[in-house]
Each structure stands twice: as structure tokens, then as C-alpha cells.
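Two complexes follow with chain A in common, the first pairing it with chain B and the second with chain C.
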Partner chain A sequence: MNIENKLLKLSSLEGLVLKLNQDGKQVFAPVKKDNIVNFAPVSAFHEMTQDYIVTARSAKFVVFPRVETILEMQFSKDNITLKDKDLSSIPDAVLLGTRPCDAAGFKVLTSIFEGDYIDNIYVTRLKKTTIISISCNNYDAKCFCTSVNVHPGGTAGSDILLTRIDNDNFLAEIVTEKGKEIVNKFDTLFDIAPDVNKDSLVANVPVEFDLSAILGKIYPRFESDIWVEQSLRCIGCGTCAYVCPTCGCFDIQDVSDGHNGQRKRSWDSCGFDLFTLHSSGHNPRNTQSKRWRQRILHKFVYVPEQDNILGCVGCGRCSRACSVDMNLKEHLINLIGELTK
Partner chain B sequence: MDSIRKRARELLEKNTVKVVIGYGVGSDNTVRAIFVRRPEGVEELIFDETCVQNLAVYLLKNEIKQIGKLCIIANISALRTILQLASEHQIHEEELLCLSVTPNGELLEFTGFKDIENYISSCNRDLPDKESEMIKKLEKMSVDERWQFWMNHLSRCIKCYACRSACPMCYCTRCQVEYNQPQWITVEATLMGNFEWQITRTMHLAGRCVNCGECARACPEDIPINLLNYKTVLTVKEKYNISAGTNANIDSVMSSFESDDKENFIR
Partner chain C sequence: MNEQNIYMPYLMRIETVRDEAPFVKTFRLKFINEEILNRFTFKTGQFGEYSAIGEGESTFCIASSPTLKGYIECTFRQTGKVTNALAMKGEDDVIGFRGPYGNFFPIHEWKNKNLLFIAGGIALPPLRSVIWNCLDLRNDYKDVTIIYGAKTVDELIYKHELKTWDERSDVKLVTTVDPGNETPEWKGKIGFVPTVLDEVAPSSENTVAIVCGPPIMIKYTFPVLEKLGFTSENIFTTLENRMKCGFGKCGRCNVGKVFVCKDGPVFTYKQLKELPQEY
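Presenting the complex of A and B:
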């Protein structure tokens, strides 16, 4: 559909959050707690913080929770009953305050969960989630969205994109039918859009490297020493993957008390050495450098090749969260230096 | 700084060591670990009070061990870790060389574990003030309040295991959380699973934690997870008069037994 522009007053957001809640939707927005900002359920707009570049953790948990029961089992003497997840139990949700990079991240996740296998739980969750993003008017040294073709005022992945015009007003771009539904339902909260130059309202994030110098060129360097060089300081935790909006890897575990059981999936990370450990004891990625290489290759080689979409949206979360300063942007620039040698 | 660079250069030039693990400038005015393998690289080394990471975590990392004999620029936490690792037979004197700098800028080069022990005995090993105060506050709370405190914090844990990875004493190649036959600890990052995980980690580090604070620094959720371990540091000191990382021959508090022990369940 064609993008439709509206005006949304800051003061109307209070009403919007209230009405969305009354409408039975779970509203998630950035909330500051114990000094970090993360998405959390809000019942009123003022619970949301305005003071954030991006949240520490991404918003992916709304469609891909950190742990989720995907199957239930019941054991009786001579029978096992299996019960699929009841998709109708998945609540309607609204994500408010995602950044354009977050929104773009959902496209990558979708390419994974709607790849050769369609993951109905993910698909349903996403279908039931309306994404109302807010353009960035600020950025920090870890952001590199524009270097990976994501724009701080980009609409991709959002259902509605809000861009701050001044202290009191937002430009609301209605991007999808889902977004339109919300506008139609609460039409009194929206006004006629003013004529504004959106580009002048969003942050001017500098392009810091040339993506075309990486794409299609990394794989021949599979055995390069650069992976070891870059990852000597990596301690192999799962943090980068857990905070990343596009990482979709999970682990599956069955838990049971002998009568009832659940099959659960939880986030996993290719940074862990256990990730590829075979039951034979062999581990094809037996060193951290191979695991680091996997992280880069997955995002910049495998996902682009398989799904025709870049696996990284440049939010910089991995670099902010990494306790040993594995700065992805810096590593990519360094990689380009190596590739063009 | 100059003295460290000079000595590191000598060590690399003479091939006494293959790599110097130290601190360098990181992104956005931070400090990061660097691994210097060529003499000219020593110019990147820095050492001051902002160099807080406990670099001893890299001593057992395979890809670093493979480089060859190493030299580590160690702060107090790293020195204590080295002694504790020695107590646990994880490192040997001849494998590494240790440099440090005293608060008034004097270069130290340790000739062996004994040397480190002597230096450590003269250093302040108390818990940092902020954490001491927090522990006192927690001790004063009712059980319910304390439970709430930890529920609030641990509900955020995403089980990324950064605390474990950053901890130089969490070096097991197969952590207990990774066993699934049987599954000792719930894998999922739910309140229950998170409590199981952190209680286990705390118990496994009792008498071994050198209070470097890496676990809390690494946590992306800002959980003051070091408080659990610091409390055991105080308890072990009080009950057994043992401080981890002060001696290269410390018995493990949790897995050694003396015939005059007060507890008799093992007899």
C-alpha cells in the first residue's frame, strides 16, 4: 500500500497507549529500570522513556521469546498425548518505540523463521504484533545502520513510523494495513499531516564503510588469520547473539515430571563452544575464532546468500553489550582493509 | 607505562615470551585487552587505574596458550587469580611471566608464585566499598526483602553466561549447566532456571572467587551478580580464615576434608 501521512500529537500518545491496552493489546515500550533501558509492558505512555538510542536488548523477544513452550506432552501408562502450541493463546501486541533498525531486524528474523521451514509460532506472533517505530534523531558511536543500508528514518519493517517534528508533534507514516487498522480504530487521535521535510528531522548517521567491499568477498578468506586476530579477546559468551535483533538460533529441551512434559525452546548463541559440539565429542568449531567467523559469516555471507537480505541492521547492540569491546563496526572496517590488501 | 613497554619489548625481542597480554586503548575511550606479539606492538600497551579487566581469564584460553610462553600485565585481581589457578593446578610457574606496576609507578616483575604471594600479602584485598555496603544492606534485609531483591534482578537474567565466560575461575570445559543426561539445571532463562544457575555458580565459586568483579562487569543486564560471590568470600574468610588467591597452595574449601572438621556428615 502507499504510505499515508498523518499527524500524531505527543499528547495523543497517552490516549493511544491507554486505548491499545483497553483494546486487549499488550503494549511494549522502552522502559528505564536499574539504569538500563529495555522493552517492557506499559499501561501508560509516561512509563516509556524518551531517553534512549536503542534499548540494551532488542525487541525480538515479543515474537521470539527467550524461552517458549512449543509442545506439550502427557504420559499415561500406555499412551503419550502430544499437544501443539495453541496459537490462539498468543496475545495481540504492539511494539512502541522500536527504532528503524529494530523494525528492519524483524525482516531478517522472518527470513530465518519463514525459510525452508515455516515456524507457525513465530509467524503468528509477528502477525499479531503491530510495530510502531520512532525515527532516530540521535545516534552514538556504536550505531552503523547507514553502512548496512538501514536508514534512521526508514520505514522497512514498521507498521507505523513516527518522526518527531518538534516537542509536541510527530509525523506518523502509516506503512502497512496493520498500521492503518490502528489509525482507523483510533482516528480521533490522528490529524492531517503537515508538510515537513522528514530527512531534516532524522539523525544524519555517517556511512562508515562500503558494504560492497564485503558482500560476496569474505568467503574466500575463510581460512584467513584475521578471524583469530580479531577474536583473541572474545571470551565466548552468548551476549552478542542474545541482544541482537536478528539472531534466531535456539536450543530445544524437553522437561518432564514423568506425567506431563513440555518441549521448550530458548535462545542460543554460536559464540558458545557447546553450540556445535557433536555427541561423538568432535566439535567442528572447536576454537573461538571459528565461532567468531561463524558470527560474521552468518550475518554477512550465509543470510544474504540464502535469503537475499543482509543479516545485520547496524544497531550496534552487540558492541555495546560486549564486555571485552568486540566492536563489530571496527572489525568490519578492519576486515575490509584485509580484503582489499 | 614506559617501564612496562620497555620490559615487554625486551621480552619479545629476546623471544623470552611469544605474546604479552596487556591493556590497550579500546573503542570510545575504553580500555580493552590486547595481545602483543611483535616488539613494535608494545607502544600500544597502557596501564593505569582504568585497566580493570581481569586478564587472567585469557591464561587458559586455548588459542592464546598455543601462541607459546606468555607474559601477562597483571593487576591485583589477575595476580590473585594466578595464585588461585596455581592452587587448582591449572597453571605452572614456568608457563608464564608476570609484570605489574605498583600504585606509585614502580615496575614489578615476578620471578615465581612465592614472589606474587609476598606482594599480594601487602596489598589491600578488601571488597570494594560499594559492594561491602550493599552486602551489609542485604544482610539487614528480611528474608522476604532479600528474596524480592534477587527476584527483581534475576528475572532479567537472559542466561547469556557472560558472567561465567568473564570469570577466570569459571574455567570448566564442561559447565554443570551444560549437562543434560541428567539435566541438573533448567536451561531456560526463567526465574527458576536463573536462580538454579546463579546458586550453582555461587556455590562452585565459594572459596575460589578472588572478588575481581568481572561477572558483574560483563553482565549485559547490569545484575550485581558479584554480590552473591562476595558474600561467600566473607563467609569463607570468617569460617575458615581462607582468602582465595593469596597463596599458590590453598586447599579447596568445598572439596577438602579434615578429620577435625566440625561437620561430620562425611565421616
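Presenting the complex of A and C:
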């Protein structure tokens, strides 16, 4: 659909959050707790903070929970019954205050969970989630969205994109039918949009490297020493994957007490040794450098080739969360330097 | 497969359990649901996710031939939580199965050729499926040679079938065990699989080689095959990296750009040469 513009007053957001909650939707927004900002359920707009570049952890858990029951089982004396996931029990949700990079991240996850085998659990959760993003008017040294084709005012992945016009007003771009439903339902909260130049309202995040120069050159350097050099200090904690908006790799485990059980899908990370360990003890990615190479190649080579979408949105969360200060932006710049020598 | 939930297994009843070797068992499995029993088909080389429900899933090939209807078989070694739980199961017990997944051996492209099967240890099951599939279409193929080795005599699996193949005049079977592990009554060869292959030296003329074994065996077998004159597109193997989903989502079984679960598990040596050593 064509994007439709509206005006949303800051004061109307209080009413919107209230009404969305009353409408039975679970609203998630950035909440500051112990000085760390993360998405959490809110019942009123004032619980949301506006003091954040991006949240510490991504918003992906709303659509792709950290641990999710994918089917249930019951055991009786001589019988096993499998119970399918009840997709209708998945609640309607609204993500408020995601950044354009967060919203773009869902596009990457969707490319993984759709395809030949459609993961209906993910697809249903995404369908039931309305994403109301807020454009960035600020950025920090770890941000590099514009270097990976994401824009601080980009609408990709959002249902509604809000851009701050001044202290009291947002430009609301209605991107999808799902966004339009919200506007139609609560139309008294929205006004006619003023004529504004959106580009002048969003942060001017500099392009710091040219990925197109190297995308075709990374894979042939599979055996390069650069992977070892870059990952010498990596401790394999997997935090980068847990905060990442596009990491979709998962594990499947059963939990059972002998009478009832659940099969659960949970986040996993290519940074872990166990991720690829064979039962024989052989491990194809037996060193941290091989696992680091997998992380970079998956995002910048494999996902783009398979799904025609870059697997990184430049939010910089992995760099902010890394306990040994591995900086993805710097590593990519270093990689480009090496590969274009 | 449940159309709604790609993770939902079929329930299968264990018809028979056979001990193959220490800690290695074969299950004959039958779909409980009649409709699925009648509808289910697979091609040789494909694999599945087998579950000890309540404990988890493990990845094994389908070890029986698609020419056999009404049941499938899997052979596994006890190595962890799931395989130990499976090993506790007996006849009439119920387990879960998802599949079939992955690609398959192009056996119809091998018509009128000689077939050379080379397997090591617990890697015989995927080849056993192809061997029986081809033996059931025996007139389609010329000479059939099987070279199979294990660490010890005890660890050779499918002992009953080895005997059957040995007795067939239209199959040449060579078995071997690692040096030092032969028993007094052992009549087969003594030596590692690549060495025995070199010694047997089958002709590469109009022949395809199908190899499956531990990574170290594969690594030393390919050069011997090349020395014997096999071209890399006439050498087939099946890989098995650690897997969880079986359909290209969980993210761990890739070898460089290819997913073993979706693009494999069957590859030619030619394809493997273009891939990094991530298996």
C-alpha cells in the first residue's frame, strides 16, 4: 500500500498505549531499569523511556521468544499423545519504540523462518504483532545502519513509523494495512499531517564503509588469518547473538517430568563450541576463530545469497554488549582494508 | 507431516529391535497413523529426526531401502541423552519421527555402471539403504563391490547382512578390521579402510564410488580413489553435521554456503572440493 501520513501528538501517545492495552494487546516499549533500557510490557506511556539510542537487547523476543514451547506431550501407561501448539493462544502485541534497525531485523528473521518450510509459530506471532517504530534523531559510535543499507528514518519492517517533528508532535507514516487498522480504530488520536521534510528530522548517520566493495571477496578468503586475528580475544560467550535482532539460530530440547512434557525451541549461538559438536567428539568449527568467521559469513554472505537480504542491520548491539570489546563496525572496516589490499 | 507445525513428529511404533554391535541398535519402525503409513515415501540417502519423546531428537539416516514398504529402519549408536533414551525402548514402544529430509543418491543415473561401496564403522547405515535399493534393482547395475571396515570385529554392524552379501555371487564383499583388533577366527582383511581399498584396487572404469565413514576415513579414502582413476564427480558421499531442525533454519549444519540438511546430505567429491573443510 502507499504510505499515508498523519500527525500524532506526544500527548496522544498516552491515550494510544492505554487504548491498545484495553483492546487486549500487550504493549512492549523501552523501559529504563537500573539504567539499562530494554523492551518490557507497559500499561501506560509514561512507563516508557525516550532516553535511548537502541535498547540493550533487541525486540526480537516478542516474535521469536528466547524459549518457546513448540509442542506438548502427555504420557500415560502405554500411550504418548502429542499436542500441537495452539496458535490462537498467541496474544496480540504491539511493539512501540522500536528503531528502524529493529524493524528491519524482523525482515531478516522472516527470511529465515519462512522459505521452503514455513515456521507457523513465528509467522503467527509476527502477524499478531504491530510494530510502531520511532525514527532515530540521535546515534552513537557503535551505530552503523547506513553502512548496511538501513536508514534511521527507514520504514522497512515497521507498520507505523513515528518521526519526531518537535517536542509535542510526531509525523506518523502508516506503512502497512496492520498499521492502518490501528489508525482506523483510534482515529481520534491522529490528525492531518503537516508538510515536513522528514530527512531533516532524522539523525544523519555517516556511511563508514562500503560493503559492496567486499561482499564478493569475503568468501574466497575463508582460510585467511584475519579470522584468527580478529577473534583472538573472543571468549565465546554468545552474548552477541543474544542481543542481536537478526540472529535466528536455535536449539530444540525436550523438558518432561514423565507425565507431561514440552518440546522447546530456544535461542542458540554459533559462538558456542557445542553448537556444532558431533557425538563422536569431532567438531567442524572447533576453534573460536572458525565460529567468528561463521558469524560474519552467515550475516554478510550466506543470508544475502539465500534470501537476497543483508543479515546485519547495523544496530551495534553486539559491540555494546561484548565483554571483551569486539567492535563489529571496526572489524568490518578492518576486513575491508584487508580484502581490498 | 503436520502442515501447520513443521516441528510436529509422526508417531511410530517399534516393531523389532536388533542389537548390531556394542551400543549399536537397529529399530524397525511402523507409522501408527494408517494414512501416513500409506502415504509415506522417501528416497535412498534421506534422513530424519527421531525422538525419544520427552528426551529430545537425534538425526539419523533412514537405514532401510525405499523398496521395502510398510516400515523404515534406523541404526544408531548410544552416545548421549537421546540415543541412550532410545536404546531403553523396546518392541511396541512409541517414538517420534520427522522427515524425510535432504537430498538423495542419484541411483537412476548410475544405471549400467559398476558400484563400489566403501564404509567405515557406524557409517554403514546410509550405504546399507543404497546397497539394498540397488540390489533390489540388481539388473540395472553391473559389478557391486562393498568394502566395509570397523575398528574391531565386534563393531562390524549388520553382521547377518554381511553374511548374506558375502554369500551372494553377484556381490563382492571385503571386510576389514583395524590392525591389532583381529580375532583368531577373523577371516577378513586386517588394515584401515583406505589401505585395504588400495590393496583391493577396484577398477574405476565405468564405476561410481559411494563412500561414507568418519571424517578421518573419508579424508584418506578420496586420494586413494583418485589414484585408482576415479574422477571427483563419480565419487559420492553423505555428510552428517550436527543438526536440530533438519530444514535449514537452526543454523548449525552448514559447510560454508551449503546446508547439509537441505543441499545435502549427499554430495559428490567434486562438490566437496569446492566447499571449505567444515565437516
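What we mean here is this: the second predicted complex is superposed on the first by the 341 of 341 C-alpha atoms of A that agree within 3 Å, B and C clash if a C-alpha of one lies under 4 Å from a C-alpha of the other, contacts with A are read in each partner's own complex, and residues count from 1 in each chain.
The rule is short, and it goes like this: contacts are C-beta pairs under 8 Å (C-beta built on N, C-alpha and C of every residue); 3 or more make two chains touch, one makes a residue touch a chain.
Worth saying up front: this structure is predicted, and the values here are computed from it rather than measured.
By the touch criterion stated above, A:Val67 is placed in contact with chain B alone, chain C being left untouched.
Of the two partner chains, chain B is the only one touched by A:Val324; chain C is not.
Of the two partner chains placed around the shared chain by superposition, neither chain B nor chain C is touched by A:Asn204.
By the touch criterion defined above, A:Arg57 reaches chain B but does not reach chain C. After overlaying the two complexes on the shared chain, residue contacts for A:Gln253 are found with chain B and with chain C alike. Of the two partner chains placed around the shared chain by superposition, chain C is the only one that A:Ile112 touches, whereas chain B remains out of contact.
Of the two partner chains placed by the overlay, only chain B lies in contact with A:Asn35; chain C stays clear of it. By the touch criterion defined above, A:Ile80 reaches chain C but does not reach chain B.
The residues of chain A shared by its contacts with chain B and with chain C are 251, 253. Listed in rising order, the residues of chain A touching chain C in the complex are 70-71, 73, 75, 79-80, 82, 84-85, 87, 112-113, 115-121, 219, 222-223, 248-254, 256, 258, 261, 263, 265, 268, 270, 275-280, 282, 284-285, 290, 294, 297-298, 301-302, 305. If you check the complex, the residues on chain A that touch chain B are 34-36, 38, 56-57, 66-67, 141-142, 228, 231-233, 235-239, 241-243, 251, 253, 255, 264, 266-267, 269, 272, 274, 287-289, 319, 321, 323-325, 327, 330. Of all residues in chain B, those touching chain A in their complex are 26-28, 30, 32-35, 53, 57-58, 61-64, 153, 156, 158-162, 164-166, 178, 180, 183, 186-190, 193, 214, 217-222.
By the touch rule above, chain C contacts chain A in their complex via residues 2, 4-9, 11, 51, 53-57, 77, 79-80, 83, 94, 96, 214-215, 240-242, 244-245, 247-257, 262, 276-279.
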